[in-house]
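These notes open a run of structures that come right after.
Each of the two complexes below includes subunit A, the first together with subunit B, the second together with subunit C.
Showing the complex of A and B:
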């Protein structure tokens, strides 16, 4: 009984991934049949380009969920990244490089603050990052006198290219998102740090007894995630040539959804980078497809939720089937 | 047989690739305590699940209250009066005793929940049947483990319809002085005419409490003992493992090779004070002590899981400060913790992942893991310790207790540490695996490690240790040489029945 479990797990695992793939493809076909525009190259690259920032934020979320926590302040880190960069260029006349560095520092400030709350004060990640979210939102409102955007029309070309340029014909933001995905994949799924992160996420007390320095790992992870989300902020700022306060919030729930879609696809339910990528693409495709169907803006969210629940229910059902 | 509360005969159950049960039989009469023993993997839990209606047998016949039953379902089994007391308590910490007893079977009156009525009934049941006075408004989280066990029992039996009760390892989480309380309650149930199936690894308990015993080995019933007394354990062991275990404990002709670990004036400012220990390399030091003696806390402090407020530590002569577990591991001091399922292992991870968790750097390049090298390291340890199944990719959760313990050990063997601390190394481990774990501990000492074994099992301590330090009320009461010490002598010393100093003189 015990010896056979690993064998059947890999079969069940294959079935499960296959199952999600079927849902994925079914929607793909459905959207394509509904509106031929969906399949056009321009639209498909739209999906990928439009998913780049969410991808970046979701990567960060994957890392924190893997440590056994959650980060509700990813949007704040994104906003801080955008704000620091825009203000650095507009008020301090920094060049593109200085602005990007300033943005990343902005994100790391949020990460450091989270580390202090979670590791230093021992507050649970959920409550700690929720506080960061409240404080960070308020700081933005105060700084912008109530939430007005800070626009900077004369952005350096190099900075703007983050969102508008391309590298060998591939949009820069897609290249950046892809690069970060590879880095996150190597860290979480292939490196010894990833093994430690997963171990502490699954069974913290066992990780401690095994001699893993969990506090050091936690601090590093929160800072890394803050910086990562700031990259997303830089792209968002470059795209619209301004900093819009509180705009990062819109990525939070999608990022959480993508991470947990990914975890549901994993044979042992672990948050993982390839799963998150699938989750992000699925959400991006559904949002885009529903748009092209010309649906009422207000019904779109409901449909998206229903599709998400059905896909996840299917994954869970298949997981159960494989266990019995 | 007529009159049996239930009987299962010729049960066969296969899972893909495994014969879990291969013609097993088990029958129990009303008013008896029937022991079921066997090594891990002998099929004890499978037959319990068949009786519970969770698994459907491939072959065999089942009858309950002397009536043949075509097929068992959980609902049917419950209606037939069969109750299960699982090893895990499944209690909500923030519920009161009354709420826990009546959870899912609340009594109602005209005005909703009949709270006072329920409390009266719960308290009466606990007092009259189980022999313990527990106020119904106490919270579960404030109860001791034995009391929680009794609440769990009360919950299964409060409806008064139970005819058969299955106890699965009821004493596994209990300290030896708590076992008595639970035993008394089980005997009281027997007096009520209830048929009791008692599944346990602890043979001394089985011979103590059971009227008859069925022995499983490799999915078969290999013996039913009708006469059980204190001397039966040898026969039971022989039936269980198919060989004699006279060499359960290894020889003690170990040489000491210089100082390994030295601790002096150690205290956490709370639970223990002024503890001094000295362990030679190549020797095994036992630490004995009742619950509350500070023994557990001392082990935690040695490993940096609890902060030491006073005292100093030297490892092989070097002054070492340990503030957390990571520092302990780097100093070459490692712990095999008592709670292996939470603190010892990352259960959802594979055997390979668990074994290599402390030596990740070794099998990596530029911090990227070489998975094949890691699996090879794990495979070597699996071979050396005879871990089953011998599969590095098996998920640790599905291994038996003994094999899980070996995985924890394998991690530290791969790391090559200098000081090993074992906290309750054989808790919940079957007798065959026990002997193997003793041999592994022995080998560590022979290879020159300093070994500490903290245990509540006096037989174990006397069996494998060279010397035994005795903790009492947060202080070191003294140290005894284990070579001439008897189990009775150790029990007398830990309980304070005998003065350690006099004992030491007597032994010398």
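Showing the complex of A and C:
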């Protein structure tokens, strides 16, 4: 990155080039100055732990956006993952391993449904996943008789550890999120399969001519994303020891924002895993920092929205500068 | 596949073009056979009254989609209209409660909404953001600001003019319906019979061609967001009338209904493009079906399932019938 700076060394240019990173650091310094608690190790690991579920969902979103689509039903896959796991333990007395498998199957159901709509019926991903969202929300309401949570106080210890345990002192959910990030990075940025996905997302017709099996890749992607989001659902369920219907919706917008912040940081504007990580950490940091400022809930929400718009605008403007 | 079929398709309105509309009407006939009081003047009036806010935001969205092209992800879309509508309602309600005259309240609401429209336009045409992303982020920001203004409380409004919008009849037709019809007609004239509107459609049809023929593409596209914000502003008053005040959380459902109605409306047009009439018809029909199933005694929990299936059936059939032709 630094090598590209040599020719045009004007300050304005530099700000535009590294704008997003500068803003990231500025917010970091601001929050640290406002409340010293922000910088303490405990809080920083809080940010990472709190971002784990969003990170997992955003990884899935990255994959779908890379294929040239969008997935509005990630929250449904998350809910289904949580619901299947909790019900498996509560009603069928399964152990933690069985419950996890059930949760992952729940997520894959959503993925299969999406791929039937997108590949089988040829509906555009936006409308297809929107209808999955409608149908999935309705199914949850019918199933829970209106949206009441299903709690399971006596969860197996192993399952609880998904959210509360740690591996060599690192919280399990952070380890899981990190592991998935590495896997996604290797698949999307370092494998032939990932090349094909990017080729497809950039120009579908060219990819078809080049002999890439577009439909097969799309089906796999939607199922993989469903399963990935279900992992997020497992963690969320283990954390609060219950399944709360329709709770996945709250991750949708942040996941989209993280992916597009990441895409804007990429030289060619492609969605990519490292960029998404940066986007997720930024969103997590802002939410945490604003919380520590002790603002009123509504003000905090509004500020978060305004920061989101500005950050996205800046990231996109920065990308435009780099291209020209 | 689309490139393959579009070459062989003649865009003439023939019978297969109306399959989606027929499905909708079929569902409505089924409802009216099973729900005793569905086809009464009173109930049809209720359906229309309920659909008014959705009709208005759909008209605004149709304008943006016309100007930006109908690819949902990269083309024109404005998801922030429902947030603008809620902002308009929130500002008006809050100021009315504080004792300001209605004219001043609506002026302030108009100013706020125009700011939203201008920021949308700026983000999309100057910053080069994808409309989907820009307006989705604006949706969150505007809802956040509105929650600060109203403190996430419900605010009752009983101003005579707002009440009149709900319950006043003019020559037997409710005032709200007449006004909405007038507004939609006005937007129709603006989009189809003025120089501005034709330019807008040219930009949506082919940006390159419009640019070559000397149209100011980004200015026209920017203006479509302002038109959308204006419909959001007007919708705010109908929200106030429908809910007898401003209540938090209306925007989420309004957004889903808007997207549903507008893009299902596209399936009504023989060419499968988003049109003003398609969007308006979509809004009314979707409301009619929701109310219809409710009056048939179907549990409310099922409405999402029914709506989702409707998108699938209508859009998939539209795609299939295009391939067959």
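Going forward, the second predicted complex is superposed on the first by the 302 of 324 C-alpha atoms of A that agree within 3 Å, B and C clash if a C-alpha of one lies under 4 Å from a C-alpha of the other, contacts with A are read in each partner's own complex, and residues count from 1 in each chain.
Criterion: a contact is a pair of C-beta atoms (placed from the backbone, for glycine too) under 8 Å apart; a residue touches a chain by one contact, two chains touch by 3 or more.
The structure displayed is predicted, hence computed values, not measured ones.
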Which superposed partner A:256 touches (first subunit B, second subunit C, both, neither): second
Subunit B versus subunit C as contact partner of A:211, first or second or both or neither: first
Subunit B versus subunit C as contact partner of A:44, first or second or both or neither: neither
First (subunit B), second (subunit C), both or neither touched by A:25: neither
Contacts of A:196 with subunit B and subunit C, given as first, second, both or neither: first
Dominant toucher of subunit A (residue count), subunit B or subunit C: C
Touched partner set for A:33, first subunit B, second subunit C, both or neither: neither
First, second, both or neither for A:306, with subunit B first and subunit C second: second
Common ground on subunit A, meaning residues reached by subunit C in one complex and by subunit B in the other: 205
Residues on subunit A engaged by subunit C in the complex (per definition of touch): 68-70, 117, 121-128, 130-139, 141-142, 145-146, 205, 253, 256-257, 260, 297-299, 301-306, 308-309, 312-313, 316-317, 320
Residues of subunit B touching subunit A in the complex: 15-18, 20, 41, 46, 303, 305, 324-326, 328-330, 334-335, 337, 339, 342-350, 353, 357-358, 360-361, 364, 367-369, 388-389, 391, 393-395, 398-400, 411
Footprint of subunit A on subunit C - complex, ascending: 1, 3, 72-73, 119, 123, 127-130, 132-134, 136-138, 140-145, 147-148, 151-152, 256, 259-260, 263, 299, 301-309, 311-312, 315-316, 319-320
Subunit B contact footprint on subunit A (complex, rising order): 1-9, 186, 190-196, 198-199, 202-203, 205-213, 268-270
